[in-house]
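Input: a single structure, listed below in structure tokens.
So that you can tell them apart, the chains are marked A, B, C, D and E in the order they are listed, and the count of residues begins at 1 in each.
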Amino acid sequence: MLTILFDGIAYGMLLFVLACGLAVTLGLMNFVNLAHGAFAMAGGYITAVLMNRMGVPFLATLPLAFIGPAILGLVLERTLYKRLYTRSHLDQVLFSIGLVFMAVAAIDYSFGSQQQLIQLPTWLQGRIDILGVQVGLYRSFIIVICGALVVALQLILTKTRFGSRLRAAVDDPRVARGLGINVSLIFATTFAFGSGLAGLGGALGAEILGLDPTFPLKFMIYFLIVVTVGGTTSITGPFLASLLLGIADVAGKYYVPSVGAFVIYTLMIVVLVLRPQGLFERAR
Amino acid sequence: MTIALETKGLVKRFGGLQATDNVSFQLQQGARHALIGPNGAGKTTFINLLTGVIKPTAGQIFLEGQDITGLRPELRVQRGLARTFQINQLFPAMTPLETIGLAVSERTGGGRDWWRVTGSRREIIDEIVEIAQRFRLTDVLDEKTSNLAYGKQRLLEIAVAFACRPRVLLLDEPAAGVPEAERHELLATVAALPRDVSVLLIEHDMDLVFSFADRITVMVNGALFTEGTVEEVSTDPRVRAVYLGESVDE
Amino acid sequence: MSTNIADYVSATLTRRGRWGVGEILFWLIAAATLYFLPERHLILNEIAIIGLFAISLDLILGYAGIVSLGHAAFFGLGAYTAGILARNGIADPLLGLGAAAITAAILGFVTSFLVLRGSDLTKLMVTLGVALVLGEIANQASWLTGGADGLQGVTMGPILGLFEFDIFGTTAYAYSLTVTFLLFIVARRIVVSPYGLSLRSIRDNPLKARAVGIPVNRRLIAIYTLAAAYAGVAGALLAQTTQFVSLDVLAFHRSADVMLVLVIGGVGYLYGGLIGAIVFKVLQDVISAWTPQYWQFWIGLILVIIVLAGRERLTERVRTLWKGVAGRTAKSPDTLPKTSAREV
Amino acid sequence: QEAVKIGLILPMTGPFASTGRQIEAAAKLYMQQQGDTVAGRKIQLILKDDTGVADVTKRLAQELIVNDKIAVMAGFGLTPLALAPAPLATQAKVPQVVMAAATATITEASPFIVRTSFTLPQATVPMAEWAAENGIKKVVTLVSDYGPGIDAEKAFTGAFTAKGGQVENLRVPLANPDFSPFLQKVADAKPDALFVFVPSGIGAQFMKQFVERGLDKSGIKLIGPGDVTDDDILNGMGDVALGAITTQHYSAAHDSPENKAFVEAFKKANPNMRPNFMAVGGYDGMHLIYEGLKKTGGQGGQALIDAMKGMSWTSPRGPVSIDPQTRDIIQNIYVRKVERRDGELYNVEFATIPNVKDPVKAAKFN
Amino acid sequence: MSDLLTLQKVSAGYGEAIVIANIDLHLKPGEALAVLGRNGTGKTTLLNTIIGVTRHRGGSIVLDGRDLTTARSDRRAHAGIGWVPQERNIFKSLTVEENLTAVSRPGPWNVNRVYDMFPRLKERRTNMGNQLSGGEQQMLAVARALVLNPKLLLLDEPTEGLAPIIIEELLAALTRIIRGEGMSAIVVEQHAQKILGVTDNALILDRGTIVHASSSRALIEDPAALEQHLGVTAKKKPMRAASH
């Protein structure tokens, strides 16, 4: 029982790690960036390649898995994305899907279409017994990182002026500029940061979700579910949402395996019908 | 004479704030009635309650005797209750022509017509032209609404309300953004509506209010403060204190 | 004065209703391909079907502003309806179409209540969820749908008892093209009608739409149901012309592809779907023939370029071109304000 | 006279791309080794990507038949993709060589279908028998919830219970990021062995999580058809895969000169790929087509398919033949165990069940 | 003493449209200028052009010796311009307080001081931007411009939708700010009378060009000009229908 709960939480955290980058770009910047998964994939491949081809230790690859995609994101933002903030969501969808296709094919071309597998360091393998509950080490590791991320993000967004400036810039870029907010700078940093988070998520998720060129498409739906259910104005929203979804999914599959596949989708529909703005949207 | 619009013990709470505080209000048929009060007094909220944009916390609303408290907004409009918005609510991607045409054809039940081409009915054309001319929109009929100057958008806002041929018309600061010179003419068009049409006007421009209204209600902190004729209200020292200030003359 | 204004008014209002030169040309060419491109009929058939599917999406997205990532739900339901009927001996294509339209419409009506509220993103995800759940159901109900192996033994009778489906896909293409054309005509009528106008107003500003007395929800439900029926027919066409149905008629990529197709061609003027279908399919066919492994890259690149080149402007051009002389689309003032309020 | 055209329709993009890649690579390799002329006629291979979508497969097949006038169509990565064009094969009398899809019934969909891969029951039933004979009493089956998975589940359950074993079934959604709930159920059931079938790509995740839960230590054997330990990615799985016991028709480690040559050539032509059971299916498929054409000199599909029936040869996987009755392949099934051989992980064969027919159809025919 | 703001031959518009043409304008520190004109004559466009959110089509803009002709609008704001857009454009997903803190810059005008000026805002400090009454939004827009501590205020119809008593206070405050703190201001207004009392000079726009420029006092004294350009005549008679 407790094990199921733990697995649920861990799975939820995993979802969050993957989705929080999107929670930033889509949620806070209101940019429909379906290419999120591509940045995640970039992070994953950075880790995989560094480990398998150059023998860099797992932990050491994580920062790079953040920085790499962040820089990539920054470059793309400055060159391409920035032209699209003012465009319709449809344009953004078209554009970012285009990027995804390119990324998929490019990765396929350079690394082949088969799975990329990584070997965790031994101290992250296996599981330990915490007061009767069998706890996977790696999953605990993910939980810890997630916790840290949430706290950090939440602080940045609420305790600094950055958060409110960002939301202002999103609400009305024209006027925000006219009132002295450097919109482009804010967007660029935010976007880079979001991409970085995506990359980190990819690196951490690869072990459990697997990593192949179709990654961005395969898991796009999951990212979106988390962000939508969580609501798009905060970080805590998606966080709680991932927990909820994770636990519901695991429990559902454990207790009623026959309908296991429905659980997550049905839950999403129900939530969104009852709370169209997302479960944890702050009241408007 | 009969009562066009009435509320009984109307209450609206926003969290802690009592935006509408137990308001029992009557709008006589054919009245030219003004609702004034400090900023944030709850005037717009009151209108939103009347038109069903937001649901009241308590109380009832009657339109010509019938309880419309639970009625959907569009149905209230179809029963002859039209309003303008304080902050323009328009169709940015449509043209003034389409906007007015829409309102007219909806009123004449054209909206369910999915086979005939829009504008193929002559009678609505004439009405559109009439309205467009009355509100000086003929020169921008085919521009994109989002590209109009604010003042023009303002006029369009009111023109649409007219196109609904309301029996009760609620105007939320219609003259905002309209140059001084044209405000009076604007209100003149309103005043010129048939006598059986009742008008409730919210306005902060006292020249307009005093010249337009035959009755004035003052609202403060969501509650009715006082009601009376222009003379009574404009000379009431308490009203001066909370709202009019010194510069306003009768 | 007021009379010539009146003429101007009715002219401008009925403008959208008139058939432009480009339009007529478009359909003539489409018909001509029946004779001139015999060896391409198979893909043309697919294009016609996707085109219809995209038109259906355009009805809700372009005109009512309901975004959907789950439109395949109706497409798939239509496909399975037609397929299952055919497998159980009811082989008449038109009957199949009708049935597909009805079942899809019913599902559309029921689910329409889910997409009335919420932001674009919410709608995207709800529709998506519906499609996914439906797909899962189809997977589980293998006794009816053949599950993951797909629905076999679909054999269609001749259309109207006259035209047998042939291996060259000519009948199929003629059939799909005709159906698409007829349904297009209807859609075109609808969008230029007052009802269509009210839809556009709802998309623009629902609050205001209510304030002019438009029963917003009813209008949306109506169009969503209609669009679902269209999608159902498209699905049925696919099932009947390929005589096979598999789970991926309900898959996510169906919904995504049709969205792409529509957006490429341009939203909100019906032809977008058709043009998009042609562009997308032809590109995919050509490029993937040239590099079966990496065609996605080039498609992606093209998408990106299309967007950066300003898709909206491009499609705006096409739009005007379509309407020929008749079509003058809303332009932003290119002169100083013509008259200030006073001079009217 | 103009070339003989072979239409090769595979999922080259999308989730099943790796299947396509393996087969394409093998087919190309075969042509490169055997030259591109047969019986004096040029062979032209036309590769098409069906993105794993059935109606596309059908359209492509149809186009290839009516426009390119192909003599044979081959490939077909998944069951529905193989079934969709079946009616065309019959209608146009074009042989359809199935190189991957593994649901038993496929060959019954058209008299022109012949298969060079395998059928799941064919690979699974021996597993059941081996398990029963090796002191395994209680088994939990865990399969991906789609055609092949359910096939495997049926086949194993049938054969194993027939031998007096005891089985509990679990099905996992095909798109399923996390196995933990199911593995937890397995842990609770405490079986002697866990029988697994998941599409090869997902196999790795499964292995890892299986070990992460410590199920291996709790003495649960991991058994199943070879997909979980797909040669292509086996090496990357690392020690978690060690000791997994599977039955299948091909292992890159199969000990025969033909195979050594094949594996070597394949690796040379495609660095960072290792041939797996898909590849060998493609390789043998091409061989079958070549030999068929040699016999018939390319006169007509009927002749070609007849020529293919009953054909037998030594494939890298060992001796194989085409069952004239069912047009399905008859081959040895090997019991293998994952071991480390000079630094790399391999499925090392340690027992052979010779000349296995597809049990499902075999049952029908007698 | 030198100009604070100088516009020379400035033309600007939106997209292809040129809305204002050849505008020349000089503003001294501590000077207040009223911009009048009918609907659609380009008043807003003029202000928008100074803050830099329209399409520049020629001419030069210099603030306090810095050429801002090509500068991004956030740079202009930093250079010392505080803007009150006509449609207020309150940031809807920020609270009243965040609306202020997000843009505020060090200087005499801090959040508390504007709260003293508009107590109503203080009461509503935790409301989201889209949960404010029209007038409250107007106050917030003005307050938001003030906490930028600009050298130059651009006010586009600042008294619109405010209660008379608030308008009195606002205008009084403006006068104090301008006279007392030497802040300059350009004010677009519909009520000529109201604003001309506060400003030093006035100009009238028609069809995107300046058709009248003089001192405010001169304009008040010149009803002909008012009548001609604005159609403002002496007070309207009551139009109340005589019936009942």
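Quick note on the criterion: a residue touches a chain if its C-beta (ideal position, glycine included) is under 8 Å from a C-beta of that chain, and two chains touch if they have at least 3 such contacts.
The UniProt protein names, listed by chain, are A, C = Branched-chain amino acid ABC transporter permease; B, E = ABC transporter ATP-binding protein.
Only a predicted model underlies this, so the values are computations on that prediction, with no experimental measurement involved.
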item: Chain-contact steps, minimal, separating chain C from chain B; value: 1
item: Contact-graph distance - origin chain B, target chain E; value: 1
item: Chain separated most widely from chain E, comparing mean CA positions; value: D
item: Between chain E and chain A, distance of the C-alpha-averaged centres to the nearest whole Å; value: 44
item: Separation of chain C from chain D, taking each centre as the mean of its C-alpha atoms, in whole Å; value: 39
item: Rounded Å distance between chain A and chain B, as computed from the means of their C-alpha atoms; value: 48
item: Whole-Å separation of chain centres (CA-atom averages), chain D against chain E; value: 76
item: Of all residues in chain D, the ones touching two or more other chains; value: 13, 17, 21, 145, 173
item: Numbers and ranges of chain A residues touching at least 2 other chains; value: 104-105, 108, 261
item: Touching two or more other chains - residues of chain C; value: 136, 293, 295-296, 332-333, 337, 341
item: Contacting residues of chain A [partner chain D, same complex]; value: 3-4, 7, 10-11, 14, 52, 104-105, 108, 112-117, 119, 125-127, 134, 136, 138, 207-210, 212-214, 218-219, 222, 249-254, 257-258, 260-261
item: Footprint of chain E on chain B - complex, ascending; value: 14, 32, 37-41, 43-45, 86-88, 147-152, 155, 173, 176-184, 187-188, 191, 195, 204, 206-207, 210-214, 242-248
item: Touching residues on chain B, where the partner in the complex is chain C; value: 51, 53, 72-75, 77-78, 82-83, 85, 89-95, 97-99, 101-103, 105-107, 110-120, 122, 125-126, 128-130, 132-133, 136, 138-144, 147, 149, 151-152, 155, 160, 163-164, 182
item: Residues on chain A engaged by chain C in the complex (per definition of touch); value: 26, 32, 80, 83-84, 87-91, 93-95, 97-106, 108-109, 221, 224-225, 227-229, 232, 261-262, 265-266, 268-269, 272-273, 276-278
item: For the chain E and chain B complex, residues of the former touching the latter; value: 14, 17, 37-41, 44, 86-87, 120, 124, 131-139, 157, 160-168, 190-193, 230-233, 235-241, 243-244
